[in-house]
Amino acid sequence: MGNNLIAELIKAIWTYMAEVKEIKIMEVCGTHTQSIAKYGISSVLPPGIKLLSGPGCPICVAPASFIDDAVRLMMMDNVIVATFGDMVRVKGTETSLDNSRTKDKKPAVVYSPLEALEIAENNRDRTVVFLAVGFETTAPAIAAMIRHAEEKSIHNINVLTSIRLMPPILEIVLEKHDGELGGMICPGHVATVMGEEYFRFLPDKHDICSVISGFDAADILGAIYLIVQSKCGDKKPELKNIYKRCVSFNGNEKAKSLMGEVFTASKGLWRGIGLVGDSALVLKERYMKYDAVYNFNLSPRDHEAAMECSCGDILMGKRSPGECRLFDSACSPANPYGPCMVSTEGSCSVYYRYRR
Amino acid sequence: MCIAVPGKIISISGYYAAVDIMGVMASVFIGLLEDPKEEDMVLIHAGCAIQRIDQEHFSYLEKVFTVMQEEVH
Amino acid sequence: MNEDKITLAHGSGGISTRNLIKDIFYRHFNNQKLIDGLDSAVFEAQSGRFAFTTDSFVVKPIFFSGGDIGKLAVCGTVNDLAVAGAKPLYLSCGLIIEEGFPIGALDRIAESMARTADASGVKIITGDTKVVEKGCADGIFINTSGVGILDKSYVTKKIMPGDDIIVTGTIAEHGTAISRDRYGLKVDGSFMSDCAPINHIIKALHGYMESIKLMKDPTRGGIATALNEIAEHAGKSIHIFEENIPIRKEVQALNELLGIDPLYLACEGRAVIVADKAESTEILARIRVLDDGKEAQIIGCVEDAENTNVYIENFFGGKRILASLEGNMLPRIC
Amino acid sequence: MNEDKITLAHGSGGISTRNLIKDIFYRHFNNQKLIDGLDSAVFEAQSGRFAFTTDSFVVKPIFFSGGDIGKLAVCGTVNDLAVAGAKPLYLSCGLIIEEGFPIGALDRIAESMARTADASGVKIITGDTKVVEKGCADGIFINTSGVGILDKSYVTKKIMPGDDIIVTGTIAEHGTAISRDRYGLKVDGSFMSDCAPINHIIKALHGYMESIKLMKDPTRGGIATALNEIAEHAGKSIHIFEENIPIRKEVQALNELLGIDPLYLACEGRAVIVADKAESTEILARIRVLDDGKEAQIIGCVEDAENTNVYIENFFGGKRILASLEGNMLPRIC
Amino acid sequence: MGNNLIAELIKAIWTYMAEVKEIKIMEVCGTHTQSIAKYGISSVLPPGIKLLSGPGCPICVAPASFIDDAVRLMMMDNVIVATFGDMVRVKGTETSLDNSRTKDKKPAVVYSPLEALEIAENNRDRTVVFLAVGFETTAPAIAAMIRHAEEKSIHNINVLTSIRLMPPILEIVLEKHDGELGGMICPGHVATVMGEEYFRFLPDKHDICSVISGFDAADILGAIYLIVQSKCGDKKPELKNIYKRCVSFNGNEKAKSLMGEVFTASKGLWRGIGLVGDSALVLKERYMKYDAVYNFNLSPRDHEAAMECSCGDILMGKRSPGECRLFDSACSPANPYGPCMVSTEGSCSVYYRYRR
Amino acid sequence: MCIAVPGKIISISGYYAAVDIMGVMASVFIGLLEDPKEEDMVLIHAGCAIQRIDQEHFSYLEKVFTVMQEEVH
């Protein structure tokens, strides 16, 4: 069938939708959100399918105070802040790394946590603070970096962590939705690391049809097909894995054990949402010496001032970006106010660029 | 949340491998993999190989779809 | 030259300035109009329509894979003239140099400008050198302005639905090479700026000027931004077919790795041409016989929607709006 | 505009850049060639000899007594065209702006450029805006390039011994005003840059072009440097009478106070004219009837020494060589 | 007679020189050197008159280590170095203030020592170090600034002193010349402060005809006239004062007493010459708190590495600038190597511009 | 070594005076002078008046010269 598969999938989706009529499907992963936009998926789907974007962009959910701390650290003479590119333009309470930047004090943009370690090795007289942001997919890479620092006795590397976990936030999303959601596209790369079983609780506990999917057009259309198909006839909600080429039953055991070695779960603050128990990974006691919060005596992040931004609702799929009153006025990709606007895969940014 | 691309391990040197990503040769950390080998297809995220790709399942979706559609007709 | 760094005295307008100009610019740019010129250079021209353009170049790094700021500065202005339908004639060169800049690097840059000017058949006939205090600029900035004379048979014409859109070569080469060099990415593969004069390509189309509606070089903001500018200029929408956009596999791969959309990355040796459908395939063929036109493609066409959006459609019919660039491109991982 | 600072996005080439250009430059420069222009602006011209020139402006402070960087940028290029014997026609405007620069200041600068362009009868028809990171430039730099068409009756001619040298007004006004502002000197007195277009002065001399051998505007390096350039160009020596140099008493006084030689300070609204002796007094008279030519003087003449020195002689016959500027001028006390 | 005076003076000088034939006259003051050049004095004099320039430029004689210290201080985060413009381009052992300057760390150029004090008042969180350079003319202004700081309790001002005195160095010059000099034009502004009597030792002890002169063309020609005239017939060398409009018998008593209050004489290092006893003014014990050498713990300046430069001989009038092998090759106003090239009134710089 | 220019005190305010220097009004420190007064001509160096100028001696050189030349003839 080859490329024809996509055409067949679309045809099948249209056929089933004649029966299903209306359905809401949430994609949790920001990269799915981006792929859906990039491939123009909505443009080939029947109008009855509404795709919602969940809290799946780690940039979006990092609290404002995290950025504030990063900016403060960057301005210190003996500190180099290293970060993934996306974090650079996110505003904290008042400003972003980008807007505070001077010729001499600017973030080092890295592609990998291990690059941050390299910077530390090459700048022994300064402390490198890596902004450790991500979900379960990125956490092993960060853990590996910390372990390497330990092995090589590199002590001038710190991490400022905002690592988040999927299941706790999905519990909250599904509680609020209370049956409104017709299906869930599960984050394929989180599953790659954690394994298929990691998302079993979705159908089992929340009675929702869930598909672990990759990021190609066919993968996404396949997931939508399976969800729509499951609505026809009286089927029990199941967990399906159509990303078997990367996602095994138990995931990457070595990566998981490294995460367990370095990190422990803790409550975590989500921008626009609030504190969620056991939703963050933080350094274990024995790796505390790498923790920027500890070394620079930063305040704990346990609450956040109320924002005018509708990000909370956007992340929950309860509103679409166009419904936020800041959208396209006080908040645009050129001058993002809320976190969903800053990452190119944030719901508001994607909506701004592709769907207007 | 997690952009990742596939690539093929060309050669290994310690924790790192030279990986061919659609014609681009990049140095990738492979310390998260159990026993990586040359010729392995791997999935790369943030400069790290996070999993081996199982080439046997490349057409898994197509197979599932074919079976399901046949069931209907 | 017994000094190896630019000093403020080199910008004072006095003897040091004159010596620098003679030692570097007269030597490399070496043409009588420049050397004769006092406050202005003088040239003769026949009646006609002239094109006039300016650009400042602030690229980092100054020397990059496939070129340098000097080559870029000449190509940029030559190409802006060329896509306006003009034969580029004369360039100016305005330098702002940070005190302490190595004179050796300046010499290499001037030599590169001279070589590129030669290659594209233009002369640099007037210039200016300013030096600013250490910390008041970042190395060197170059402004080039240019004058050209328009091909008599070319005027921009009303763009109509059905007109085809041609791109003369693979996209995003410059932006990708610069990103690789700027972020010091440890990847191998052939990443070279496409930075080159394209006036010979336009010249090769001389016989087709009646069918060419508009030309643009897709530099800052990439092909996405250039297409949006064309749509706005035309007051029409544009429909692009993603599969038809020529892009090298390695360029595609590196940008996927970095999470960057290559449609927004600069080309520095390409043109986007809007042509009447009736002759567009012939024009394409004419471009493809050129050494640097082999990858040319018709990538889409003009449509008559009620808006000035650029739509891009993929192999299975998925369609989205391709907006102008917002903000800047940064490598992403999440 | 809901932002008040320039950001990197304003220089990205995308939507922010386009909006900035429309809000500021299209509004102030407001002419059809600019607004129509895509990659280049287009203008028509008859056969003739054209002048082409460029200058970058990096003046500090940006706003000074009697002008600002924008006014200076327009005058500088208009005057370089004018002293080449050309009627200035069109200007380009290339901006390099430091991130964080106030948009309000940019607006004032653009407005000042527009006003000065109007006053001198030129149009700014093409432009470019680049934004560099905070700390990579110092506020704003402006490049203007210009095109003009030469007065048919004017060509530079062989300079002969006996030719007179005219300066069209008091010297060192710009350099003195800038020094006062830059060093925050606590002195009162009228110190204003002479920054102004001088093309109308040259235009008034239209009937005398056969007798005018060469013209120069004595900007960077002042009148001393301009005279040395003329001497070198002519291959002759020049003899200046110090008493004849028009200089305001306050300008003389402030420079004496600072230990600076005003002969090396920039004029931005003056010309030095080499004229055939036979008509030089008539030319002088023609300049003096103009509002801004009242202080014009014949300050010396060309001589036939074996060298290209500029000699300056004072009231009692004391004579010395007036060299080109070396290094930079700083206020001295010892 | 008015402006005619000048013509008459020149005529008289030519007349006397028919008899005198050859004479060397030294002007001690750099401002005289500059005036002589600016007015083209030499061009109207008979060829038999040779004008020599003495050690009268305070910029020229400041030791290289003084500049080195100034550069080091300028590079400190919390220090502002304030200086007269002339000092900015002088090279120390390796570099100048100008060449070490960055956007944030550059010298504040002042026209008066009191401006340096103002800068200190306006920057209370930083220390302003004023490069206190000069002869007796400038010393009172510096003393006044220190007294003001004391009165106003401004403690963040320091001075790095290189203040020099005329008589000790003139003694050395005249010892070496041993009767070769036909006359001396004395520095009019040093005399303005110190009084006519300050130079009495020249004729009395060294048998040299000396004229205290102002700086106009007539003043200088008048001094030359008097010196040449004194050679005709058998006259005893005298001290003459033709700058009576500014120079009184005792000078400015108030300025002298202020100098005495703040400074004390000490040995001083002269660039290209060496240590000369009692030739420098340094802060008295009780003003030590304003001394940058003391506060920044700088090394004492008591010797200097030998230089290739001929400045020593130039300053002594024993060689002309053209005879230095660095002149116009390694040393030019644009890139001065020796101190006489950097000040626009330094002998080499003046020679370079006007006499070549 | 010591550039100085003459000026006339126009008005006094504490340690400083407004001084007219060939048409330029500058603020000059006058704390080195004994009892400075308006209309005084002063000699200014480094922003400080270092001495009062004695106008009676403006033509001193001319007088000396005249006397000496007369002696000769």
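Labels for the chains are A, B, C, D, E and F, by order of writing; each one numbers its residues from 1.
Everything that follows uses one rule, which is that a residue touches a chain if its C-beta (ideal position, glycine included) is under 8 Å from a C-beta of that chain, and two chains touch if they have at least 3 such contacts.
These numbers were taken from a predicted model, which means no experiment stands behind them.
More C-beta pairs in contact connect the chains of A-B than those of the other pair, out of A-B and A-D.
Taking the mean of C-alpha positions as each chain's centre, the chain lying farthest from the centre of subunit A is F. Look at the CA centroids: the one farthest from the centroid of subunit E belongs to B. Seen as a C-alpha superposition, subunit A sits on subunit E after a turn of 180°, to the nearest 5. If you average the Cα atoms of subunit C and of subunit E, the two centres end up 57 Å apart.
Subunit E has its Cα centroid 79 Å from the Cα centroid of subunit B. Averaging C-alpha coordinates per chain places the centre of subunit B 38 Å away from that of subunit C. Looking at subunit B, residues 1-3, 45-46 sit in touch with two or more other chains.
Along subunit E, residues 30, 57-58, 84, 103, 111-112, 134, 138, 334, 345 each make contact with two or more other chains. In subunit D, the residues that reach two or more other chains under the touch definition are 8-9, 14-16, 133, 135-136, 138, 185, 257, 259, 323, 326-327, 332-334. Looking at which chains touch one another, you get A-B, A-C, A-D, B-C, C-D, C-E, D-E, D-F, E-F.
Residues 2-3, 7-9, 14-16, 133-136 of subunit D touch subunit A in their complex.
Considering their complex, residues 98-99, 101-104, 106, 329-330, 334-335 of subunit E touch subunit C. Taken together, the subunit D residues at the contact with subunit C in this complex read 8-9, 12-18, 37-58, 79-81, 83-84, 86, 90, 92-96, 125-128, 130, 132-133, 135-138, 141, 143, 145-148, 150, 156, 214-217, 219-221, 225, 229, 233, 264, 266, 323-328. The residues of subunit B lying in touch with subunit A in their complex are 1-4, 15, 29, 31-34, 43, 45-48, 50-51, 53-55, 57-58, 60-62, 64-66, 68-69. The touching residues of subunit D, when paired with subunit F in their complex, are 185-189, 249-250, 252-254, 256-257, 259, 332-334.
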